[in-house]
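Two complexes come next, and they have one chain in common, chain A, joined by chain B in the first and chain C in the second.
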Partner chain A sequence: MYVFIVFVIVLAAYFAAYYLYGKRVLEQKVVKADPNRLTPAVEKFDGIDYVPANKYVLYGHHFASIAGAGPIIGPATAMVWGWGLPLLWVLFGNVFIGAVHDYLSMMASVRHGGVSIMSVSENVMGRKARYIFLAYVWFALVLVLAAFNSVASSVFVGTPTAATLSLIYMPLALIFGLLVYRAGLRVSYATVITLILIVLAAAYSLSYPTYLTYEAWVVILTIYSFIAAALPVWYLLQPRDYLNAYLLWAFVGIAVVTSVLTLDLALQGPIMTKFAVSGAVIGALPGTTPAKMDIAYFWPVIPLVIACGALSGFHSVVASGTTSKQLANELDALFVGFGAMLAEGAVASLAVILPIAVAWNFAGLETATGFPVLNALTKAGINTTAIKEIIKLPAADRFTNGYGLAAATAFSRVLGPSPFIDLFLGFKTFAAWALSAFVLTTLDTANRLARFAWKEMFDWLEKRIGQLIKR
Partner chain B sequence: MPETGAKLTVYAYSILWASFSGTNQLLAALALLTAALWVYFVLGIRGKIAWLILVPALFLWLTVTSALVLWLVFIMPYLPLLYQLGAGTIIIISLILDFMLIGLFISAFRRK
Partner chain C sequence: MAELKSLLGAAMTILGVLLFIYTFFYVATTKGAVGVKGQVTADPIIGTVGFLLILAGPALWFGEVPVNIKKLVEAKTGRKV
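Up next, the complex of A and B:
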């Protein structure tokens, strides 16, 4: 199997899904989006949560918040089944569930005054459903916060340069927000100024890594996400997510260019290993009984491994939480809701599954390309005599090394073989930055959404003891 | 706190991942079912298009619910106590809420 075939299948699936299903069916026949109908952001403007946003700024916010560690860690973990089954699940999930789910929950919310999908359920399933739904979401968000805090902390421990850049990002995003919303600077000017500062920050952070322990990062990130979730959206959330979207686009863009430059390369990885793999893939601790048994059957356990890359319930909470309250026009919703899900699917299929499949067998890749793959990996601290295949690495490292090797191979074909090792190290660090950027935005949006859910869950209390609540 | 398994450091996320992912996917199934009801009753869409939204939602619901039961039976009993109490409890509560919601979903369809 060649990169070419996978690349064409993925692109064809996404274009067909967007125009034939999204635009023709969902927007025009189901929702019947109307540009003249006022959206909640306009109608209920309050300057805190209800603020109409530019289509592209909103896309950035939505894409950056829905794209968490899910589309990266999940597919990288699922590679134990080979690349075929995970890719099939990602494409099927994107087109028939994920994108539909994100778009419809956003529009259902918009038509109900910007309330969450849980509150929409009251209309169709009764009052009881709403409170059960809200409680469920609150518990699910607790797990999101726990898992993503742990992912971000481990990435910062593993790649301390990414930690520095993330720390500098925050004040830069604040500056961007102030430039646009307070100083009234045009979005394009403010973007250029801030992006230049980010490139400088990236260069700075390469030489000044931040070393802290895992436990320290857990505490810092907990405090950070609490504060970030309490600030008005335009202050940190909108600008930071908007800026992160550029990083994420660069990340997806490099993956696409890499595929195009390596279309003739054969995939080293197997299309399918076996249908049932070790229980370790669904959380069994290494060494315990379930980790030694092949109990993880691809169906039905695949959704316990691949979450946001294929589809994600968390998206409905974002779409009907922060995003629906900022939508300026109903016609923006397909681009923002449906489009962002497909872009996230492209992260899973083109930036994670494909590079890992290409770089699967290190010696094989070296023979196929003629580039010093083994030396490059040794330079990055990987023992290539013990680890011959990418699948032997932990999930996050499969991703960073796979992405780094594939991109370095592609660009070395243009630039010549001599910078291969430096290219690999550079792209690998870039991949870790992108991963941490994905995770951080999700962390504070999840916290904000948990606050929304909590507030909606106890709205009955407000009616009873209204005079006791200070406004 | 990183748990130490057979000679390698395991971060909390690799243990929590399946339960995070499972509750997330179940939420997707429930939200899409809600959206399907909205499309069916509020927007009044019938026929092929309604099925195109409903069938994948039901398929996902069935997949995730059985996967979570499998996780509870085979994986959860072998986890460290802290994870059994944290992730295990949340999964059990989630499954209970899940069945309550699917009950309401079915009765909503019957009533209207």
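Up next, the complex of A and C:
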């Protein structure tokens, strides 16, 4: 199987899904989106959470919030079944379940005044259901915070140059916001200035790693997510997520260019390993019997492994939480809700599954391309004598190394073999930074959503206190 | 109260910028890295404190809703915000 075939199938599926299914069926026939109806962002404007945003800004926010680690770590983990089955699930689940779910939950919230999907449920299932749903989501969000904090901390420990870049990137997003909102600079000029600064910061960060222990990062990121979730959305969230959209397009763009430049390359990985794999994949403790037995059946395990890349209930909490409160026009919703989910599927298939399938066997890739793959990996600290296949690495490392190797292979075909190792290290850091940027965004969005859920859960108390004060 | 908040924000921002520059541009370039692998040292802690101050400081310093967002909402709803 060649890159070309997979690439064409993925692109055709997403374009057809957006225009034929999303636009013509969901937007025009199901939702009947009306550009003249006031959205909650305008109607309930409060300057903190209800603030209308440009659709590209909101797209960046929504994508970065729903993406997190799911579309990257999930498919990277699922590669134990080979690349064919995960790809099939991503395409099917993404188009027919995930994207529909995200878009409709956003519009349900918009038509209910921007309240969360948990409060929308009151209309269909009653008041008790609403509070049970709110309590469940609040606890689930605490788990999401813990999980994503752990992923971001691991990425910073594993790729310390990505930590430096992430810490410099955030203040640059603030500078962008201040240039536009305070200095009154045109968005296009501010974008160019900030993007140049980000590129310089990326080049600078490659030489200066930031070292801290995993535990220290967990503490720092907890404080970060608390502060970031309390700040007004226009101040950090909107400018950072506007820039996140560029990061996303660069990230997916590099994956697309990589695919185009390697269309004739054969995939090193198997289309399918076996239908049932080791229980370790679904969390069995190492060394125990379940971890050694093949009990992880592709179905029904796969929706749990590839969550965000194909479908995720968390997305409805984001769509009806921060996103629905910033939607300026109902016609923006398809692009933001449906489009961001398709982009997430594109990330899973083109930026994770395809590169890992290309770089599956290190020696095989070196033979097929003639580039110093083994030397590059050794320079990145990987013992290629012991680890001969990418699948032997932890999931996050499969992604960063797979992305780095595939992109370095593609660009070295144009630039020649000499910069291969530098290209690999650069693209690997870029991949780790993109992953951490999406994870950090999800981290503070999840914190903000937990605040919304908490507030909605105790709205009855707020009303009673209000009445007591009046008496 | 608003002035005090603004002053506090300004102080946090200036201190944050100084700590951030010291860590990520002075320490990084002189030592080749911020911190030591596998250890918690003062440099990255100073840098991240600077980072957190930069996040929170300007919000207190310039803490009001931007005029163009206000204008957009006023134009759409017809009411003053």
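Quick note on the criterion: the second predicted complex is superposed on the first by the 466 of 471 C-alpha atoms of A that agree within 3 Å, B and C clash if a C-alpha of one lies under 4 Å from a C-alpha of the other, contacts with A are read in each partner's own complex, and residues count from 1 in each chain.
In this section, a contact is a pair of C-beta atoms (placed from the backbone, for glycine too) under 8 Å apart; a residue touches a chain by one contact, two chains touch by 3 or more.
Computed from a predicted structure; not experimentally measured.
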Partners on chain A (chain B, chain C) - clash or fit: fit
First, second, both or neither for A:183, with chain B first and chain C second: neither
Partner chain in contact with A:121 - chain B first, chain C second, else both or neither: first
Chain B, chain C and vertex chain A (Cα centres) - angle in steps of 10°: 120
Touch count on chain A, higher of chain B and chain C: B
Which superposed partner A:386 touches (first chain B, second chain C, both, neither): neither
Partner chain in contact with A:465 - chain B first, chain C second, else both or neither: neither
Contacts of A:300 with chain B and chain C, given as first, second, both or neither: first
Partner chain(s) touched by A:100 [first = chain B, second = chain C, both, neither]: first
Touched partner set for A:133, first chain B, second chain C, both or neither: first
Shortest CA-CA distance in Å separating chain B from chain C in the superposed model: 13
Residue ranges of chain C touching chain A (in the complex, touch as defined): 20, 24, 28-29, 32-41, 44-45, 47-48, 51-52, 54-56, 58-59, 62-63, 65-66, 68-70, 72-73, 76-77, 81
Chain C-touching residues of chain A, taken from the complex the two chains share: 38, 42-43, 45, 47, 51-52, 160, 164, 167-168, 170-171, 174, 178, 181-182, 207-213, 216, 220, 223-224, 227-228, 231-232, 234-236, 328
Residues on chain A engaged by chain B in the complex (per definition of touch): 25, 29-32, 69-70, 73-74, 77, 96-98, 100-101, 104-105, 108, 111, 117, 120-121, 123-126, 128-129, 132-133, 135-137, 139-140, 142-144, 146-148, 150-151, 153-154, 214-215, 279, 282-290, 293, 295, 297, 299-308, 311-317, 394-395
In the complex with chain A, residue positions of chain B that touch it: 1-3, 5-6, 8, 10-32, 34-35, 37-39, 41-43, 45, 49, 52-53, 56-57, 60, 62-64, 66-68, 70-71, 74-75, 78-80, 86-87, 90, 93-94, 97-98, 100-101, 104-105, 108
